[in-house]
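Just below sit the structures, each encoded as structure tokens.
Below, chain A partners chain B and then partners chain C, in two separate complexes.
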Partner chain A sequence: MARAVTTQHKTIATAAAWIVALLIFFPILYTIITSFKSEQEAIQGFNLIPSGTFESYSEVQQQSGYFKFFFNSVLLSVGSTILALIVAVPAAWSMAFSPSKRTKDILMWMLSTKMMPAVAVLFPIYLIFRDSGLLDSRIGLTVMLMLINLPIVVWMLYTYFREIPGEILEAARMDGASLWNEIIYVLTPMAVPGIASTMLLNIILAWNEAFWTIRLTTTNAAPLTAFISSFSSPQGLFWAKLSAASTLAIAPILIMGWFSQKQLVRGLTFGAVK
Partner chain B sequence: MGNITLKNVSKSFGSTTIIPNIDLNIEDGEFVVFVGPSGCGKSTLLRLIAGLEDTSGGTISIDGRDVTREAPAKRKLAMVFQSYALYPHMTVAKNIAFPLKMAGEDQATIDKKVKDAARVLNLTNYLERRPGQLSGGQRQRVAIGRAIVRQPSAFLFDEPLSNLDAALRGTMRLEISELHQQLKTTMIYVTHDQVEAMTMADKIVVLNAGNIEQVGSPMELYKTPKNLFVAGFIGSPKMNMIEGAPAEKYGAKTIGIRPEHLNISTSSGDWKATVGVAEHLGSDTFLHVQADDIGTINVRADGEVAVKHGDTVYLTPDKTKLHRFGADGNSLAA
Partner chain C sequence: MATQQTRSLARFMMAPSVILLFVWMIVPLLFTLWFSFQQYNPLNPMRDGFVGFSNYALFYSNPAFLYSILNTLTIVVSVLVITVVGGILLAMLLDQPIWGQGIVRILVISPFFVMPPVAALVWKNMIMHPQYGVFADIARFFGAQPIDWFGQHPLTAVILIVAWQWLPFATLILLTSLQSLDGEQKEAAEMDGAGFLSRFWYLTLPHMSRAITVVILIQTIFLLSIYAEILVTTNGGPGYASTNLPFLVYQKALLEFKIGQASAGGVIAVILANIVAFFAMRAVGKNLDK
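Up next, the complex of A and B:
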């Protein structure tokens, strides 16, 4: 029997959904509001109506130069994602279409690396970066971000590839396709939706990664996460400027996420229901 | 050319042996059907020939060249899969062109060959469509088109018609046979349907539990099955197998008589029986009769036979068409 849904139920459910959404979004909203306040207003306590000044934004830009950090963020997140895909597509291919007895174990092991707290390997990684001259280098950090997210990328692609019938790849093999042709002409085009959502998610993860990006950079390779943290300085907290910096840092990824939400949701729930 | 030879070929998956040991020779231009119940290893055997599975032992040669360790693409074989296995993101034209593109042919040659194949297969109006926009029969034709453009030394068909409805299956069966007449290329066709095997094959290979039970032309298999398995598998309706006293009378453990080789009479005959269900097909009547001391026997009588449920009839086997089998299940010499 279908459950009876009355208009009253619907109204209550809608209101509840809005309240929950607002609660989750509120910290971001308040950050945006605060970024349009002056420093005096910002420390005066809770206030939802800003004076609407842009002074924090211009000061932030003058003090630190937003675009250098923005450029680094784009470079690191897109670069590490492309690198991760180059490694993960063949890896997921072999696990999905030519699995061995240990494939499941390898997948679990890869995922288990994500269960380890990052701080546990801070010391050795810092030393490796220092000794090989990779501290504050874009290349070093790109590789680092690629490695951090690689397990998730491989897992996601593996799930997508498993959905592709093996016979189609066998047909390609019979048709004379080499392994690379098979991956380039048949597998990849069929997996485009999956690869796209994997890419989007990975860019977001890399963009928001703060632990390593802050610790392994100073100025040259520093992305927007470091830009934000530079405003919680020893001189004291400047709430308005910090908020302006945060808003500037999350805006690009928020906008990208908004436009690609269909792909993202598909990516996150893929394989959940068959 | 498409002469295929299998020597001592075996295949195991882990500790499970699918094919213990097979020797087989397929002549150039032959239409060979592998037939057997599901799980008999017929598809595995085809995939071994294709190179999609590695052999566990033995050698496979094509035109005298040992290809056992060669990649599928190098064997110059084309395969049509049960699921069609078309590339869903490509148009019909691109699907058919794919093997030519992989072979590095120039665009003008590709266009010409795709057009030719489309004309032969009645696909000219569908070249710009995607596989998702085609019917089952059309998809299967695209899969065949993709196979013929390469001019392979042999075609491999893995149960290509089992996803189609009965009417379409009949039409496609004719089309594939017609194609074989035109191309004269070796074809290996896997099916579990003995009707397909009988109607299409030059040579049938009957497989059971990974072993070849018998190889021969359809009529050889029908007339002189080597053992009980082949006798029971080839022919529809199935051969009646009779054990006990009636068989001993003929000096055999089991005798087999096909439903069409039984004479039915209401007055006299060898075996007295009672008519059960009668299936009138118009041209023929299939009778399920209960014979005293023997059990259920299927009889194929002509369409006009006037018997009904419960009638007493007498059956007489045509002695020249009777099959005798020994205790080991093998056919006894006539």
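Up next, the complex of A and C:
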């Protein structure tokens, strides 16, 4: 009896959850479907079965050189993440393993920089970029994205490093390991998973950053965020092409995102919810 | 344990991050503050100079300012209500035993990974377009007149899009929190004859309160600076109907080149963000002491 109720309960919950989930996912699903339609099909009303043409994909590349923007997105997100890690790993390391009275204040201050609205510094940054020739340059934007995400990277690494037990360090020291040996042979292997998750989340955030990437680029360094924004004024029939460009722009990050659900919670709540 | 040597090493290791962030934040912010008291127009350099608070006065007297503040707050509050209430309900649903939970989770979380311009353009063209959108198809199916979302309800349309992007975030965090709720407690409450509503009110909700606070604070930070969604859908219009503070500052600075006024707006945005940040820091800071 009790079991029958449970099965019934599970069936209802499953049905409800799937309906809601599909509704939420629908805009993405419909975009993917539309990307395999021809432009004519795309405007002929609601239709879930595309003719399966790849026309739009090749047109997006031919008309606007799609892969240049894609390449910029990869370069900017991966480049800024690696740069951020190079700067942040030592900082998070020292904060986790030799904390001082001021460590907490520094961490809070870093968090506060993340809360500063970008528009507040829009014009000065724009001027600095213009006057140093960094407008629309990949280097300038890489540095920009690195600075934006640096607080999150330090914080995430800090919460991971803090979970590495200090006793292990002491044991290694007792055995006569030097500081560098300690870092290379004892701590690094334990820190790699944390660094990898931080990297994953940060690439996602950098890939989707849509203020500076739009405002500080024109053509040369423009990533997908800027390219997609150029579709805001429609040019004739562009539904299928927009869908193809969108699908390509979100596919890699969507897949990475699915693998980073747990880290996402931790990273974006600054360790407050695990 | 911390010798002089390790301490100075620690400082040395921290220095690059601290210096970089300091320079990146303080220097531009000082520039903005300085510009906010200046008349400065790159197109008309003849009239440059110190003008006191008149930029702030101009910004206030501009009708767009009031609109932008109201729109900013409307966006923040509406999206928060939708995502927190929706997130709680959804998290409770996903916490039930269901078939294919992994896939359902993936489907629900997906919108969060869609970059803002794509999210906005997909909604604008595929879903809400008055002629070719899915909503229009549905309306026609029922014989109703399709709604011109961006012409007639621009702010509502922006709010819907942003809520769609942030509902997954709220759901994911609330679900994580819900899953850490002790199963025995739930069972004990059930045994004692507590109904669904009282279990929710006295057990589940208090347990989630911390996660709810975090969701509200973090979302507020991001929602205060919504930009791309407005740029690619309504471009702030019609009129100022969907212009928020970040968008107004952008218009003043890079389209009208009224740098003084834009900077004054920027300073106001900082003040607004600081009020939120004050509460956010306290909530996150508490966790550090654990």
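Methods note: the second predicted complex is superposed on the first by the 213 of 274 C-alpha atoms of A that agree within 3 Å, B and C clash if a C-alpha of one lies under 4 Å from a C-alpha of the other, contacts with A are read in each partner's own complex, and residues count from 1 in each chain.
In the analysis below, contacts are C-beta pairs under 8 Å (C-beta built on N, C-alpha and C of every residue); 3 or more make two chains touch, one makes a residue touch a chain.
All values reported here derive from a predicted model rather than from experimental measurement.
After overlaying the two complexes on the shared chain, residue contacts for A:90 are found with chain C alone; chain B is out of touch.
By the touch criterion defined above, A:205 reaches neither chain B nor chain C. Comparing chain C and chain B on the residues of chain A they touch gives the larger count to C. When the two structures are aligned on the shared chain, A:27 is found in touch with chain C, with no touch to chain B. In the superposition on chain A, A:196 contacts neither chain B nor chain C. In the superposed model, A:78 makes contact with neither chain B nor chain C. In the superposed model, A:257 lies in contact with chain C only, and not with chain B.
Contact with neither chain B nor chain C is seen for A:183 once the two complexes are overlaid on the shared chain. The touching residues of chain A, counted against chain C in their complex, run 6, 9-10, 13-14, 16-18, 20-22, 24-25, 27-28, 30-31, 34, 42-43, 45-46, 87-88, 90-91, 93-95, 98, 100, 104, 106-108, 110-128, 147, 150-151, 154, 179, 204, 207-208, 210-211, 214-215, 224-225, 228-229, 231-232, 234, 239, 242-243, 246, 249-250, 253-254, 256-258, 261-262, 264-265, 268-274.
Touching chain A in their complex are the following residues of chain C: 2, 6-7, 9-11, 13-14, 16-18, 20-21, 24-25, 27-29, 31-32, 35, 90, 93-94, 96-101, 103-119, 121-123, 125-127, 131-132, 134, 137-138, 164, 167-169, 172-173, 176-177, 210-211, 214, 218, 221, 224-225, 227-228, 231-233, 235, 245-246, 249-250, 253-254, 259, 262-263, 265-267, 269-270, 272-274, 276-277, 280-281, 283-285, 287-288.
Residues 50-52, 71-73, 77-79, 81-83, 85-89, 98-99, 102-103, 146, 150 of chain B are the ones touching chain A in the complex. Contacts from chain A toward chain B in the complex involve residues 165, 167-168, 170-178, 181, 185-186, 189-190, 192.
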